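Before anything else, here's the structure in question.
Chain IDs A, B, C and D follow the sequence of writing; residue 1 opens each chain.
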Amino acid sequence: MRSAIVTHPLDPAALTAEVANVANGATVVFVGTVRDMNDGRAVTGMEYTAYLPMAERELRRIVEEAAARFGTNDVVVEHRIGELGLGEASVVIAVAHPHRANAYDASRYVIEALKARVPIWKREWYADGERAWVDPTRAAREALAEEPS
Amino acid sequence: MRSAIVTHPLDPAALTAEVANVANGATVVFVGTVRDMNDGRAVTGMEYTAYLPMAERELRRIVEEAAARFGTNDVVVEHRIGELGLGEASVVIAVAHPHRANAYDASRYVIEALKARVPIWKREWYADGERAWVDPTRAAREALAEEPS
Amino acid sequence: MTVTALLFASYADALGRSSVSLTLPPGATVSDALDRLRELPGGSALPPSPLVAINLAFARTNVELSPGDELAVIPPVAGG
Amino acid sequence: MTVTALLFASYADALGRSSVSLTLPPGATVSDALDRLRELPGGSALPPSPLVAINLAFARTNVELSPGDELAVIPPVAGG
(Lines give C-alpha, C1' and ligand atoms only; values in the text may rest on other atoms or scores of the structure.)
Protein backbone atom coordinates (compact mmCIF):
# COMPACT_ATOMS: atom_id res chain seq x y z
CA MET A 1 0.00 0.00 0.00
CA ARG A 2 1.51 3.33 -1.03
CA SER A 3 0.43 6.67 -2.38
CA ALA A 4 2.39 9.69 -3.50
CA ILE A 5 2.08 13.01 -5.24
CA VAL A 6 5.12 13.53 -7.41
CA THR A 7 6.54 15.98 -9.89
CA HIS A 8 8.40 13.52 -12.13
CA PRO A 9 7.02 11.44 -15.02
CA LEU A 10 5.03 8.40 -13.87
CA ASP A 11 6.12 4.83 -14.58
CA PRO A 12 3.14 2.44 -14.87
CA ALA A 13 5.45 -0.58 -15.23
CA ALA A 14 7.18 0.21 -11.93
CA LEU A 15 3.85 0.50 -10.12
CA THR A 16 2.63 -2.72 -11.71
CA ALA A 17 5.76 -4.48 -10.45
CA GLU A 18 5.19 -3.00 -7.01
CA VAL A 19 1.85 -4.80 -6.54
CA ALA A 20 3.07 -8.12 -7.96
CA ASN A 21 2.57 -11.01 -5.56
CA VAL A 22 2.15 -14.72 -6.32
CA ALA A 23 -1.00 -14.77 -4.20
CA ASN A 24 -2.66 -12.49 -6.79
CA GLY A 25 -4.32 -13.66 -9.96
CA ALA A 26 -5.42 -10.27 -11.29
CA THR A 27 -3.74 -6.91 -11.66
CA VAL A 28 -5.59 -3.82 -12.91
CA VAL A 29 -3.61 -0.73 -13.85
CA PHE A 30 -5.34 2.56 -14.57
CA VAL A 31 -3.44 5.34 -16.31
CA GLY A 32 -4.96 8.79 -16.71
CA THR A 33 -3.40 10.84 -19.50
CA VAL A 34 -3.67 14.36 -20.88
CA ARG A 35 -5.82 14.30 -23.99
CA ASP A 36 -5.83 16.66 -26.91
CA MET A 37 -9.45 17.74 -26.67
CA ASN A 38 -11.91 18.65 -23.91
CA ASP A 39 -15.47 19.89 -24.30
CA GLY A 40 -14.74 20.31 -28.01
CA ARG A 41 -11.70 22.58 -27.51
CA ALA A 42 -8.20 21.69 -28.67
CA VAL A 43 -5.91 21.31 -25.67
CA THR A 44 -2.12 21.62 -25.88
CA GLY A 45 -1.18 20.80 -22.30
CA MET A 46 -2.22 20.75 -18.67
CA GLU A 47 -1.00 22.19 -15.41
CA TYR A 48 -1.75 20.36 -12.16
CA THR A 49 -1.51 21.95 -8.75
CA ALA A 50 -2.37 20.57 -5.30
CA TYR A 51 -2.94 21.52 -1.69
CA LEU A 52 -0.07 19.15 -1.07
CA PRO A 53 -0.31 18.08 2.60
CA MET A 54 -4.06 17.55 2.37
CA ALA A 55 -3.88 15.87 -1.03
CA GLU A 56 -1.29 13.44 0.33
CA ARG A 57 -3.46 12.73 3.34
CA GLU A 58 -6.66 12.17 1.33
CA LEU A 59 -4.87 9.98 -1.18
CA ARG A 60 -3.41 7.84 1.60
CA ARG A 61 -6.88 7.48 3.15
CA ILE A 62 -8.42 6.47 -0.15
CA VAL A 63 -5.81 3.74 -0.61
CA GLU A 64 -6.44 2.52 2.95
CA GLU A 65 -10.19 2.50 2.32
CA ALA A 66 -9.81 0.56 -0.92
CA ALA A 67 -7.50 -1.96 0.77
CA ALA A 68 -9.93 -2.55 3.63
CA ARG A 69 -13.04 -2.60 1.46
CA PHE A 70 -11.74 -4.90 -1.27
CA GLY A 71 -9.37 -7.05 0.74
CA THR A 72 -5.90 -6.42 -0.63
CA ASN A 73 -2.83 -4.50 0.47
CA ASP A 74 -1.49 -4.44 -3.07
CA VAL A 75 -2.71 -0.95 -3.95
CA VAL A 76 -0.38 1.79 -5.17
CA VAL A 77 -1.27 5.19 -6.58
CA GLU A 78 0.82 8.09 -7.80
CA HIS A 79 -0.50 11.44 -9.01
CA ARG A 80 1.78 13.81 -10.85
CA ILE A 81 1.54 17.58 -10.52
CA GLY A 82 3.22 20.35 -12.52
CA GLU A 83 3.13 20.92 -16.27
CA LEU A 84 2.20 17.93 -18.44
CA GLY A 85 2.23 17.57 -22.21
CA LEU A 86 -0.30 15.71 -24.35
CA GLY A 87 -0.33 11.98 -23.70
CA GLU A 88 1.61 12.27 -20.45
CA ALA A 89 0.27 10.36 -17.44
CA SER A 90 -1.23 12.41 -14.60
CA VAL A 91 -2.22 9.44 -12.45
CA VAL A 92 -1.39 5.74 -12.24
CA ILE A 93 -3.30 3.31 -10.01
CA ALA A 94 -2.09 -0.28 -9.71
CA VAL A 95 -4.17 -2.83 -7.81
CA ALA A 96 -3.65 -6.57 -7.50
CA HIS A 97 -5.93 -9.12 -5.87
CA PRO A 98 -6.42 -12.89 -5.94
CA HIS A 99 -9.63 -12.32 -7.96
CA ARG A 100 -10.37 -9.98 -10.85
CA ALA A 101 -13.71 -8.56 -9.70
CA ASN A 102 -12.14 -7.05 -6.60
CA ALA A 103 -9.13 -5.79 -8.53
CA TYR A 104 -11.37 -3.90 -10.98
CA ASP A 105 -13.66 -2.59 -8.24
CA ALA A 106 -10.80 -1.39 -6.04
CA SER A 107 -9.19 0.38 -9.00
CA ARG A 108 -12.44 2.11 -9.85
CA TYR A 109 -12.98 3.04 -6.21
CA VAL A 110 -9.60 4.75 -6.02
CA ILE A 111 -10.04 6.83 -9.19
CA GLU A 112 -13.61 7.90 -8.35
CA ALA A 113 -12.69 8.87 -4.78
CA LEU A 114 -9.56 10.65 -6.01
CA LYS A 115 -11.58 12.73 -8.45
CA ALA A 116 -14.17 13.55 -5.78
CA ARG A 117 -12.02 14.27 -2.74
CA VAL A 118 -8.35 14.91 -3.39
CA PRO A 119 -7.56 18.65 -3.52
CA ILE A 120 -5.83 18.74 -6.87
CA TRP A 121 -6.72 21.19 -9.63
CA LYS A 122 -5.85 21.38 -13.28
CA ARG A 123 -5.60 24.22 -15.72
CA GLU A 124 -5.99 23.43 -19.39
CA TRP A 125 -3.94 25.20 -21.99
CA TYR A 126 -5.91 25.68 -25.18
CA ALA A 127 -4.62 25.92 -28.71
CA ASP A 128 -5.87 29.54 -28.88
CA GLY A 129 -3.55 30.53 -26.01
CA GLU A 130 -6.22 30.74 -23.32
CA ARG A 131 -5.81 28.87 -20.04
CA ALA A 132 -8.67 27.88 -17.76
CA TRP A 133 -9.14 25.93 -14.55
CA VAL A 134 -11.19 22.81 -15.08
CA ASP A 135 -14.41 22.77 -13.04
CA PRO A 136 -16.06 19.34 -13.14
CA THR A 137 -19.14 20.75 -11.35
CA ARG A 138 -19.81 23.51 -13.89
CA ALA A 139 -21.85 21.44 -16.35
CA ALA A 140 -24.08 20.16 -13.55
CA ARG A 141 -24.53 23.65 -12.10
CA GLU A 142 -25.35 25.16 -15.48
CA ALA A 143 -27.91 22.44 -16.14
CA LEU A 144 -29.53 23.16 -12.77
CA ALA A 145 -29.58 26.92 -13.44
CA GLU A 146 -31.38 26.35 -16.73
CA GLU A 147 -34.19 24.34 -15.16
CA PRO A 148 -37.53 26.15 -15.15
CA SER A 149 -38.26 27.21 -11.59
CA MET B 1 -7.39 -3.36 -32.35
CA ARG B 2 -5.38 -6.56 -32.15
CA SER B 3 -5.55 -9.95 -30.52
CA ALA B 4 -3.11 -12.83 -30.41
CA ILE B 5 -2.43 -16.14 -28.75
CA VAL B 6 1.28 -16.45 -28.15
CA THR B 7 3.79 -18.78 -26.57
CA HIS B 8 6.28 -16.17 -25.33
CA PRO B 9 6.18 -14.15 -22.09
CA LEU B 10 3.72 -11.24 -22.23
CA ASP B 11 4.79 -7.61 -22.02
CA PRO B 12 2.10 -5.39 -20.41
CA ALA B 13 4.15 -2.23 -21.06
CA ALA B 14 4.31 -2.95 -24.79
CA LEU B 15 0.54 -3.48 -24.96
CA THR B 16 -0.04 -0.32 -22.96
CA ALA B 17 2.10 1.61 -25.44
CA GLU B 18 0.17 0.06 -28.31
CA VAL B 19 -3.14 1.64 -27.23
CA ALA B 20 -1.63 5.05 -26.45
CA ASN B 21 -3.30 7.86 -28.36
CA VAL B 22 -3.55 11.55 -27.45
CA ALA B 23 -7.31 11.38 -27.96
CA ASN B 24 -7.53 9.04 -24.95
CA GLY B 25 -7.70 10.15 -21.34
CA ALA B 26 -7.90 6.73 -19.71
CA THR B 27 -6.02 3.47 -20.17
CA VAL B 28 -6.96 0.30 -18.28
CA VAL B 29 -4.59 -2.65 -18.34
CA PHE B 30 -5.63 -6.02 -16.99
CA VAL B 31 -3.00 -8.66 -16.29
CA GLY B 32 -3.98 -12.19 -15.29
CA THR B 33 -1.22 -14.11 -13.52
CA VAL B 34 -0.65 -17.62 -12.20
CA ARG B 35 -1.21 -17.65 -8.45
CA ASP B 36 0.20 -19.99 -5.88
CA MET B 37 -3.11 -21.27 -4.54
CA ASN B 38 -6.46 -22.38 -5.96
CA ASP B 39 -9.40 -23.83 -4.06
CA GLY B 40 -7.12 -24.16 -1.07
CA ARG B 41 -4.46 -26.23 -2.86
CA ALA B 42 -0.87 -25.11 -3.33
CA VAL B 43 -0.14 -24.63 -7.03
CA THR B 44 3.36 -24.69 -8.50
CA GLY B 45 2.60 -23.88 -12.13
CA MET B 46 0.07 -23.95 -14.92
CA GLU B 47 -0.15 -25.37 -18.42
CA TYR B 48 -2.39 -23.63 -20.98
CA THR B 49 -3.57 -25.25 -24.18
CA ALA B 50 -5.94 -23.96 -26.87
CA TYR B 51 -7.96 -24.98 -29.88
CA LEU B 52 -5.81 -22.46 -31.65
CA PRO B 53 -7.67 -21.45 -34.84
CA MET B 54 -10.98 -21.16 -32.99
CA ALA B 55 -9.44 -19.41 -29.98
CA GLU B 56 -7.85 -16.86 -32.30
CA ARG B 57 -11.16 -16.33 -34.05
CA GLU B 58 -13.19 -15.94 -30.83
CA LEU B 59 -10.63 -13.59 -29.32
CA ARG B 60 -10.67 -11.41 -32.45
CA ARG B 61 -14.47 -11.29 -32.32
CA ILE B 62 -14.48 -10.32 -28.66
CA VAL B 63 -12.09 -7.45 -29.35
CA GLU B 64 -14.28 -6.30 -32.24
CA GLU B 65 -17.38 -6.50 -30.05
CA ALA B 66 -15.72 -4.50 -27.28
CA ALA B 67 -14.55 -1.89 -29.76
CA ALA B 68 -18.01 -1.46 -31.27
CA ARG B 69 -19.85 -1.55 -27.97
CA PHE B 70 -17.63 0.83 -26.04
CA GLY B 71 -16.50 3.11 -28.84
CA THR B 72 -12.76 2.72 -29.15
CA ASN B 73 -10.39 0.96 -31.52
CA ASP B 74 -7.64 1.03 -28.91
CA VAL B 75 -8.14 -2.51 -27.62
CA VAL B 76 -5.34 -5.08 -27.59
CA VAL B 77 -5.31 -8.51 -25.98
CA GLU B 78 -2.73 -11.27 -25.83
CA HIS B 79 -3.18 -14.68 -24.23
CA ARG B 80 -0.19 -16.90 -23.60
CA ILE B 81 -0.32 -20.67 -23.85
CA GLY B 82 2.24 -23.30 -22.83
CA GLU B 83 3.84 -23.81 -19.42
CA LEU B 84 3.76 -20.87 -17.02
CA GLY B 85 5.42 -20.45 -13.64
CA LEU B 86 3.97 -18.72 -10.59
CA GLY B 87 3.43 -14.99 -11.09
CA GLU B 88 3.76 -15.21 -14.88
CA ALA B 89 1.13 -13.44 -16.96
CA SER B 90 -1.33 -15.62 -18.88
CA VAL B 91 -3.35 -12.74 -20.34
CA VAL B 92 -2.93 -9.00 -20.84
CA ILE B 93 -5.75 -6.72 -21.98
CA ALA B 94 -5.01 -3.06 -22.73
CA VAL B 95 -7.86 -0.68 -23.49
CA ALA B 96 -7.74 3.08 -23.94
CA HIS B 97 -10.67 5.47 -24.37
CA PRO B 98 -11.29 9.20 -24.05
CA HIS B 99 -13.26 8.47 -20.83
CA ARG B 100 -12.52 6.12 -17.96
CA ALA B 101 -15.94 4.48 -17.54
CA ASN B 102 -15.79 3.03 -21.04
CA ALA B 103 -12.16 1.97 -20.64
CA TYR B 104 -13.00 -0.01 -17.49
CA ASP B 105 -16.18 -1.49 -18.97
CA ALA B 106 -14.50 -2.54 -22.21
CA SER B 107 -11.65 -4.17 -20.28
CA ARG B 108 -14.10 -6.09 -18.12
CA TYR B 109 -16.12 -7.10 -21.17
CA VAL B 110 -13.07 -8.60 -22.84
CA ILE B 111 -11.93 -10.67 -19.85
CA GLU B 112 -15.45 -11.96 -19.04
CA ALA B 113 -16.13 -12.91 -22.67
CA LEU B 114 -12.68 -14.49 -22.95
CA LYS B 115 -13.30 -16.67 -19.91
CA ALA B 116 -16.75 -17.68 -21.17
CA ARG B 117 -16.11 -18.28 -24.86
CA VAL B 118 -12.49 -18.71 -25.89
CA PRO B 119 -11.49 -22.39 -26.17
CA ILE B 120 -8.46 -22.33 -23.91
CA TRP B 121 -7.91 -24.80 -21.07
CA LYS B 122 -5.51 -24.87 -18.19
CA ARG B 123 -4.04 -27.66 -16.15
CA GLU B 124 -2.84 -26.85 -12.67
CA TRP B 125 0.25 -28.46 -11.26
CA TYR B 126 -0.09 -29.00 -7.53
CA ALA B 127 2.63 -29.13 -4.93
CA ASP B 128 1.79 -32.81 -4.29
CA GLY B 129 2.68 -33.70 -7.90
CA GLU B 130 -0.88 -34.10 -9.16
CA ARG B 131 -2.05 -32.24 -12.26
CA ALA B 132 -5.69 -31.46 -13.03
CA TRP B 133 -7.63 -29.61 -15.69
CA VAL B 134 -9.44 -26.61 -14.28
CA ASP B 135 -13.21 -26.80 -14.71
CA PRO B 136 -14.87 -23.49 -13.84
CA THR B 137 -18.30 -25.11 -14.14
CA ARG B 138 -17.63 -27.88 -11.64
CA ALA B 139 -18.58 -25.94 -8.50
CA ALA B 140 -21.89 -24.87 -10.05
CA ARG B 141 -22.66 -28.42 -11.24
CA GLU B 142 -21.83 -29.95 -7.87
CA ALA B 143 -24.07 -27.42 -6.13
CA LEU B 144 -26.92 -28.29 -8.51
CA ALA B 145 -26.42 -32.03 -7.96
CA GLU B 146 -26.69 -31.55 -4.21
CA GLU B 147 -30.05 -29.77 -4.42
CA PRO B 148 -32.91 -31.83 -3.06
CA SER B 149 -35.04 -32.94 -6.01
CA MET C 1 -19.29 -39.32 -45.04
CA THR C 2 -16.22 -38.69 -42.99
CA VAL C 3 -15.83 -35.97 -40.36
CA THR C 4 -12.93 -35.24 -38.03
CA ALA C 5 -13.70 -34.99 -34.32
CA LEU C 6 -11.25 -33.01 -32.22
CA LEU C 7 -10.83 -33.61 -28.50
CA PHE C 8 -9.17 -31.30 -25.99
CA ALA C 9 -7.90 -31.16 -22.43
CA SER C 10 -9.74 -33.61 -20.14
CA TYR C 11 -11.67 -35.13 -23.08
CA ALA C 12 -8.45 -35.83 -24.97
CA ASP C 13 -6.98 -37.37 -21.81
CA ALA C 14 -10.06 -39.56 -21.30
CA LEU C 15 -10.08 -40.92 -24.84
CA GLY C 16 -6.30 -40.98 -25.11
CA ARG C 17 -6.29 -39.08 -28.38
CA SER C 18 -6.86 -35.57 -29.68
CA SER C 19 -8.55 -36.41 -32.97
CA VAL C 20 -10.76 -39.17 -34.31
CA SER C 21 -11.89 -39.74 -37.89
CA LEU C 22 -15.57 -40.77 -37.91
CA THR C 23 -17.44 -42.36 -40.81
CA LEU C 24 -21.13 -41.51 -40.50
CA PRO C 25 -24.24 -42.04 -42.66
CA PRO C 26 -25.52 -39.07 -44.68
CA GLY C 27 -27.77 -36.81 -42.55
CA ALA C 28 -25.94 -37.68 -39.32
CA THR C 29 -26.08 -34.96 -36.68
CA VAL C 30 -23.66 -33.77 -34.03
CA SER C 31 -25.54 -36.01 -31.56
CA ASP C 32 -24.89 -39.03 -33.74
CA ALA C 33 -21.19 -38.23 -33.85
CA LEU C 34 -21.12 -37.79 -30.06
CA ASP C 35 -22.82 -41.18 -29.62
CA ARG C 36 -20.11 -42.72 -31.78
CA LEU C 37 -17.40 -41.08 -29.67
CA ARG C 38 -19.01 -42.41 -26.49
CA GLU C 39 -18.60 -45.98 -27.79
CA LEU C 40 -14.81 -45.54 -27.92
CA PRO C 41 -12.62 -46.57 -24.95
CA GLY C 42 -12.86 -43.73 -22.40
CA GLY C 43 -15.77 -42.19 -24.32
CA SER C 44 -18.12 -42.46 -21.35
CA ALA C 45 -16.26 -39.48 -19.87
CA LEU C 46 -18.03 -37.18 -22.35
CA PRO C 47 -20.91 -35.36 -20.66
CA PRO C 48 -24.53 -35.67 -21.93
CA SER C 49 -24.42 -32.33 -23.74
CA PRO C 50 -20.89 -31.12 -24.29
CA LEU C 51 -20.18 -27.81 -25.96
CA VAL C 52 -19.37 -28.35 -29.64
CA ALA C 53 -18.10 -26.30 -32.56
CA ILE C 54 -18.30 -27.08 -36.27
CA ASN C 55 -15.59 -25.55 -38.40
CA LEU C 56 -14.58 -23.11 -35.64
CA ALA C 57 -18.09 -21.88 -34.76
CA PHE C 58 -20.15 -22.99 -31.75
CA ALA C 59 -23.05 -25.21 -32.89
CA ARG C 60 -26.10 -27.02 -31.50
CA THR C 61 -26.10 -30.80 -31.22
CA ASN C 62 -29.09 -31.24 -33.59
CA VAL C 63 -27.19 -29.70 -36.52
CA GLU C 64 -26.53 -32.03 -39.50
CA LEU C 65 -22.90 -32.62 -40.34
CA SER C 66 -21.40 -32.32 -43.81
CA PRO C 67 -18.54 -34.35 -45.28
CA GLY C 68 -15.17 -33.03 -44.17
CA ASP C 69 -16.54 -31.06 -41.21
CA GLU C 70 -14.23 -30.41 -38.28
CA LEU C 71 -16.26 -31.19 -35.16
CA ALA C 72 -14.65 -29.96 -31.95
CA VAL C 73 -15.88 -31.31 -28.61
CA ILE C 74 -15.10 -28.58 -26.14
CA PRO C 75 -14.58 -29.11 -22.39
CA PRO C 76 -15.51 -26.24 -20.06
CA VAL C 77 -13.19 -23.42 -21.14
CA ALA C 78 -10.78 -21.98 -18.58
CA GLY C 79 -8.78 -19.23 -20.24
CA GLY C 80 -7.56 -16.07 -18.57
CA MET D 1 -7.44 35.29 17.08
CA THR D 2 -5.56 34.84 13.86
CA VAL D 3 -6.17 32.11 11.29
CA THR D 4 -4.53 31.54 7.94
CA ALA D 5 -6.82 31.20 4.94
CA LEU D 6 -5.40 29.35 1.95
CA LEU D 7 -6.69 29.92 -1.57
CA PHE D 8 -6.14 27.67 -4.58
CA ALA D 9 -6.54 27.56 -8.34
CA SER D 10 -9.36 29.85 -9.56
CA TYR D 11 -9.90 31.29 -6.07
CA ALA D 12 -6.24 32.22 -5.76
CA ASP D 13 -6.39 33.80 -9.21
CA ALA D 14 -9.52 35.77 -8.30
CA LEU D 15 -8.10 37.21 -5.09
CA GLY D 16 -4.60 37.52 -6.50
CA ARG D 17 -3.03 35.64 -3.60
CA SER D 18 -2.74 32.13 -2.24
CA SER D 19 -2.88 32.90 1.46
CA VAL D 20 -4.46 35.56 3.69
CA SER D 21 -3.96 36.10 7.40
CA LEU D 22 -7.31 36.87 9.04
CA THR D 23 -7.84 38.38 12.49
CA LEU D 24 -11.23 37.27 13.81
CA PRO D 25 -13.12 37.64 17.11
CA PRO D 26 -13.19 34.61 19.43
CA GLY D 27 -15.96 32.19 18.48
CA ALA D 28 -15.79 33.14 14.81
CA THR D 29 -16.90 30.37 12.44
CA VAL D 30 -15.80 29.31 9.00
CA SER D 31 -18.71 31.36 7.61
CA ASP D 32 -17.39 34.48 9.34
CA ALA D 33 -13.96 33.91 7.81
CA LEU D 34 -15.51 33.42 4.36
CA ASP D 35 -17.45 36.68 4.75
CA ARG D 36 -14.18 38.45 5.53
CA LEU D 37 -12.55 36.95 2.44
CA ARG D 38 -15.47 38.10 0.28
CA GLU D 39 -14.79 41.71 1.33
CA LEU D 40 -11.31 41.54 -0.21
CA PRO D 41 -10.69 42.66 -3.82
CA GLY D 42 -11.84 39.77 -6.04
CA GLY D 43 -13.52 38.08 -3.08
CA SER D 44 -16.92 38.14 -4.74
CA ALA D 45 -15.67 35.27 -6.90
CA LEU D 46 -16.06 32.91 -3.95
CA PRO D 47 -19.28 30.89 -4.23
CA PRO D 48 -21.99 30.97 -1.52
CA SER D 49 -20.88 27.68 0.03
CA PRO D 50 -17.39 26.71 -1.01
CA LEU D 51 -15.81 23.49 0.14
CA VAL D 52 -13.51 24.14 3.11
CA ALA D 53 -10.97 22.23 5.14
CA ILE D 54 -9.59 23.04 8.59
CA ASN D 55 -6.11 21.72 9.29
CA LEU D 56 -6.26 19.29 6.32
CA ALA D 57 -9.71 17.83 7.07
CA PHE D 58 -12.93 18.75 5.27
CA ALA D 59 -15.19 20.79 7.58
CA ARG D 60 -18.66 22.37 7.68
CA THR D 61 -19.04 26.15 7.48
CA ASN D 62 -20.72 26.42 10.92
CA VAL D 63 -17.63 25.07 12.70
CA GLU D 64 -15.89 27.46 15.11
CA LEU D 65 -12.31 28.31 14.30
CA SER D 66 -9.42 28.16 16.77
CA PRO D 67 -6.34 30.40 16.89
CA GLY D 68 -3.71 29.28 14.39
CA ASP D 69 -6.11 27.19 12.31
CA GLU D 70 -5.28 26.66 8.66
CA LEU D 71 -8.52 27.25 6.74
CA ALA D 72 -8.37 26.07 3.14
CA VAL D 73 -11.00 27.31 0.70
CA ILE D 74 -11.21 24.57 -1.90
CA PRO D 75 -12.41 25.09 -5.47
CA PRO D 76 -14.08 22.13 -7.22
CA VAL D 77 -11.36 19.50 -7.30
CA ALA D 78 -10.22 18.18 -10.67
CA GLY D 79 -7.51 15.60 -10.10
CA GLY D 80 -6.94 12.48 -12.16
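We take it that a contact is a pair of C-beta atoms (placed from the backbone, for glycine too) under 8 Å apart; a residue touches a chain by one contact, two chains touch by 3 or more.
Since the structure is predicted, the reported quantities are computational estimates derived from the model, not experimental observations.
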Message: Quick check on the contact network: minimum steps from subunit A to subunit C?
response: 2
Message: Report the inter-centroid distance (CA atoms only) between subunit C and subunit D in whole Å.
response: 73
- request: For subunit A and subunit D, let me know how many angstrom lie between their CA-based centres, rounded off.
  value: 25
Message: Averaging over Cα atoms per chain, report the distance between subunit B and subunit D in Å.
response: 50
Contacts with two or more other chains, residues of subunit B listed in rising order: 32, 100, 111
- prompt: Where in subunit D do residues touch two or more other chains at once?
  reply: 80
Message: Taking the top-of-page definition of touch, could you list the pairs of chains it picks out?
response: A-B, A-D, B-C
Message: Help me check something: in the complex, which residues belonging to subunit B touch subunit A?
response: 12-13, 16, 20-37, 86-87, 98, 100, 103-104, 107-108, 111
Query: For subunit B, which residues are in contact with subunit C within the complex?
result: 32, 48-51, 53-55, 57, 79, 90-91, 111, 114-123, 133-138
- prompt: Taking the complex as given, what residues does subunit D use to touch subunit A?
  reply: 6, 8-10, 13, 53, 56, 58, 72, 74-80
